[in-house]
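Listed below are the structures to be examined.
After this come two complexes, each holding subunit A, first together with subunit B and then together with subunit C.
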Partner chain A sequence: MKDAGEETVTPGQVLGKGSEVKAGRGAYLSCDTVYASLTGCRSLLPPSPQSPDQRPTVEVIGHKAHGPVPEPGCVVIARVTKVMARMASADIMCVGSKSVREKFSGIIRQQDVRATEIDKVDMHSSFRPGDIVKASVISLGDARAYYLSTAQNELGVVSAESMAGGTMVPISWTEMQCPLTGQIEQRKVAKVRA
Partner chain B sequence: MEFVSPEGLRLDGRRPMEMRQLRAELGAVSRADGSAIFEMGNTKVIAAVYGPREVQHRGQQLNDKALIRCEYTMANFSTGDRMRRPKGDRRSTEISLVIRQTMEACIMTHLMPHSQIDIFVQVLQADGGTRSACINAATLALADAGIPMCDLVTSCSAGYLNTTPLLDLNYVEDSAGGPDVTVGILPKLDKVTLLQMDAKLPMDIFENVMQLATEGCKAVANYIREVLMENTKQLENRRGV
Partner chain C sequence: MEASSSKFVDQLVVPGDVILDLSNLSNQTLKLGGGLRQDGDSICVMKAGKLRFMKPNKYWVESSQKRYVPSAGDNVLGVVVDTKPENFLVDIKGPAIAFLPVLSFEGGTRRNIPKFEVGTLLYVRVVSANTGMNPELSCMDANGKAAEYGILKDGYMFESSTGLSRALLSSPPHPVLEGLGKKLSFEIAVGINGRFWVNASQSSTVILVGNAIQKSESLSMVQQKIYLEKLLKSIQ
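Here is the complex of A and B:
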């Protein structure tokens, strides 16, 4: 139920004096007054006890939720689009457990595929286009793509289709088998906890 | 031709200081991030906002702020005779630029670097004051999309016919050949972001007309705020807050 203290505000409305409150999300400070910049509910957050600045933070929660954005250190689920000699491109589809609103590009470099013998990695034996991989974001990367890594046991190919078209079953951390033809294909497989 | 009768009534029965009826609706285009329909009397405009999203032309990307793009079009059926308008004609390009600069002044672009915000405005029915209606509709659509703004931008036009300042001109009064002043303001911060006039006016009369248009803008701002509050309350009710 809505708190009696919360009220709806629109952009430009005054939320408080700059000397009394700090501007949080959805608010900004101009000429010693804090104004709202979004339409939504105004809420007051108490200051943390350790900080020297004891002003409460005022923030405005808008009703439009924007999709999640990958941050360094989070685990993402991506679909491999291109496999090249020294890297593989993937489209990030989920961040954690939430799916993204707009797809982000990621790159898995040869040295980030696994933790051991990183210079002897063959990209085509690790990923194929169309594979669904679980990877972690190392950094924001360059203007074109995030840098992803599968260098952990729990990261790697989660689901893949064989050349015959069947969904493959993992056998070991480097091999997956097609249930229709029995053919074994090489991938960097993720250890999914049962 | 008499635009203000001796009793003080205009051609459509309004008083000189009276605005036309305002009506607004949020969320008309479900696919867009934010959208609004805004009506000022018979002028009806629809605005759709997409963004912030990834920049489509890498070369135009700005490192420190968001790129704002705006497109103004008039539907074929918007005026009296159905006319096919070319997309890049001079009037459309000019009004697109005017709306973009006006909105850019109030959107907090520094919070969204490397991204793009698209504002599409289309006139469905034109009866004077389309520029103002477009800016008001764009403000509502941006607020609906949750894009941070430092204040709402509202706009209104005023003119001077038969020695009387008139607020919110319709098409007949606009094509009379008298001056037409369009003002866009940030109502709470009390700042002007748009000021345009065609034809000439003596300085003291201009100040009166601009003051009248500014008051009209403040009235539009009050209405827009009510619409946004009402819409937010409805959304909260649906979510069960």
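Here is the complex of A and C:
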């Protein structure tokens, strides 16, 4: 369906020759041919005038089924699902300010919880299952999960429930207090700007 | 100032019983042990058992179950169920499988990792048991020495309740255990998780000791003494 120069393409469809176009988002180069890797609209971006390589860039974008995808360097909101001795697993719920359309798993390793004294980190005093954390994506990780990090002041537990069931109030970067029982629990708390 | 005792002390309590109303007591701090919970102004019971009180201000519920709740510092009997590169997976009768790191042995290095088959019985110490996480075990004491921890060879393991395990480990010693120990020679290891292991030169002794201890759980002190006398006479 040709629509003012933009057509709908499917994964595997040939978008052009490697010598004529550069592969952009949603496209990849294989043996001198650029193929699409996503479903969407094909669009051609003109090359920037300064660059020596004067090939246009072809992109595949715009299909409404695509939600945001975590990329290295972006800040995500995740819910901790499991805490183990050396790492914690989390389900990524939002990328930036947009919620994701499909399930992404993340892992926070013991050495990525905070910036100081990383070998003395106790995972149980940093996160508990059910906590909402703000983390940054360090890398795409392995096939199972992204690697996340909370090693900055603004990252860490944003919201947590105490053992009595009340939403806790942060009192320092390591402690949160339950409003119902007054008990103090340890977490790696994020510094949220007022 | 001593806390006024609840009228339920040394009696059987069930979940839901309110043992103390804090609004009646003057300004005191109470220490609540296992099985008790503070619900606003009242102290409620969470676990069925006998309420105990120790001066000046400690309350707790003593109960006996077949189920074990792991807690740091306990000595337990575990059975190896699987081997992973970093840990042995050990069943200690708790809600989750416990991890025993392969290096948690005296003088343990990557080169001399012990080889445990599935089904091996171990006497281990619980290092940490946080809710939601798998408990972590160790075959060393807090100083790093092997102490008595490690594999238990031969013999037989019997199941018991947590209450019987605590009775076997208490002092003054359990009457049946003491009486049998005077007449027969055997080795015994008791895990607070409701398991105990007996070893002797003859399997008939192992069976006798194991059955006697298991039967004695439902007998009172007097009945235990009578049972012990009958048993020892029949061995002669």
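Here, the second predicted complex is superposed on the first by the 134 of 194 C-alpha atoms of A that agree within 3 Å, B and C clash if a C-alpha of one lies under 4 Å from a C-alpha of the other, contacts with A are read in each partner's own complex, and residues count from 1 in each chain.
In this section, a residue touches a chain if its C-beta (ideal position, glycine included) is under 8 Å from a C-beta of that chain, and two chains touch if they have at least 3 such contacts.
Because the structure is a prediction, the values reported are computed rather than measured.
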item: Touched partner set for A:Thr181, first subunit B, second subunit C, both or neither; value: second
item: Subunit B versus subunit C as contact partner of A:Glu102, first or second or both or neither; value: first
item: Partner chain(s) touched by A:Gly24 [first = subunit B, second = subunit C, both, neither]; value: neither
item: Touching partner for A:Arg128 - first (subunit B), second (subunit C), both, neither; value: second
item: First (subunit B), second (subunit C), both or neither touched by A:Thr10; value: first
item: Touching partner for A:Pro170 - first (subunit B), second (subunit C), both, neither; value: neither
item: Comparing the two partners subunit B and subunit C, which touches a greater set of residues in subunit A; value: B
item: Subunit B versus subunit C as contact partner of A:Pro70, first or second or both or neither; value: neither
item: Intersection of subunit A interface sets (partners subunit B, subunit C); value: none
item: Sites on subunit A touched by subunit C in the complex; value: 82-85, 123-124, 128-129, 181
item: Complex contacts: residues of subunit C adjacent to subunit A; value: 38, 99, 128, 130, 132-134, 136
item: Residues on subunit A engaged by subunit B in the complex (per definition of touch); value: 1-2, 8, 10-14, 26, 28, 30, 35, 37-41, 62-64, 66, 102, 143
item: Contacting residues of subunit B [partner subunit A, same complex]; value: 33-34, 53-54, 58, 61, 108, 114, 143-146, 148-152, 186-189, 224-225, 228-229, 231-233, 235-236, 241
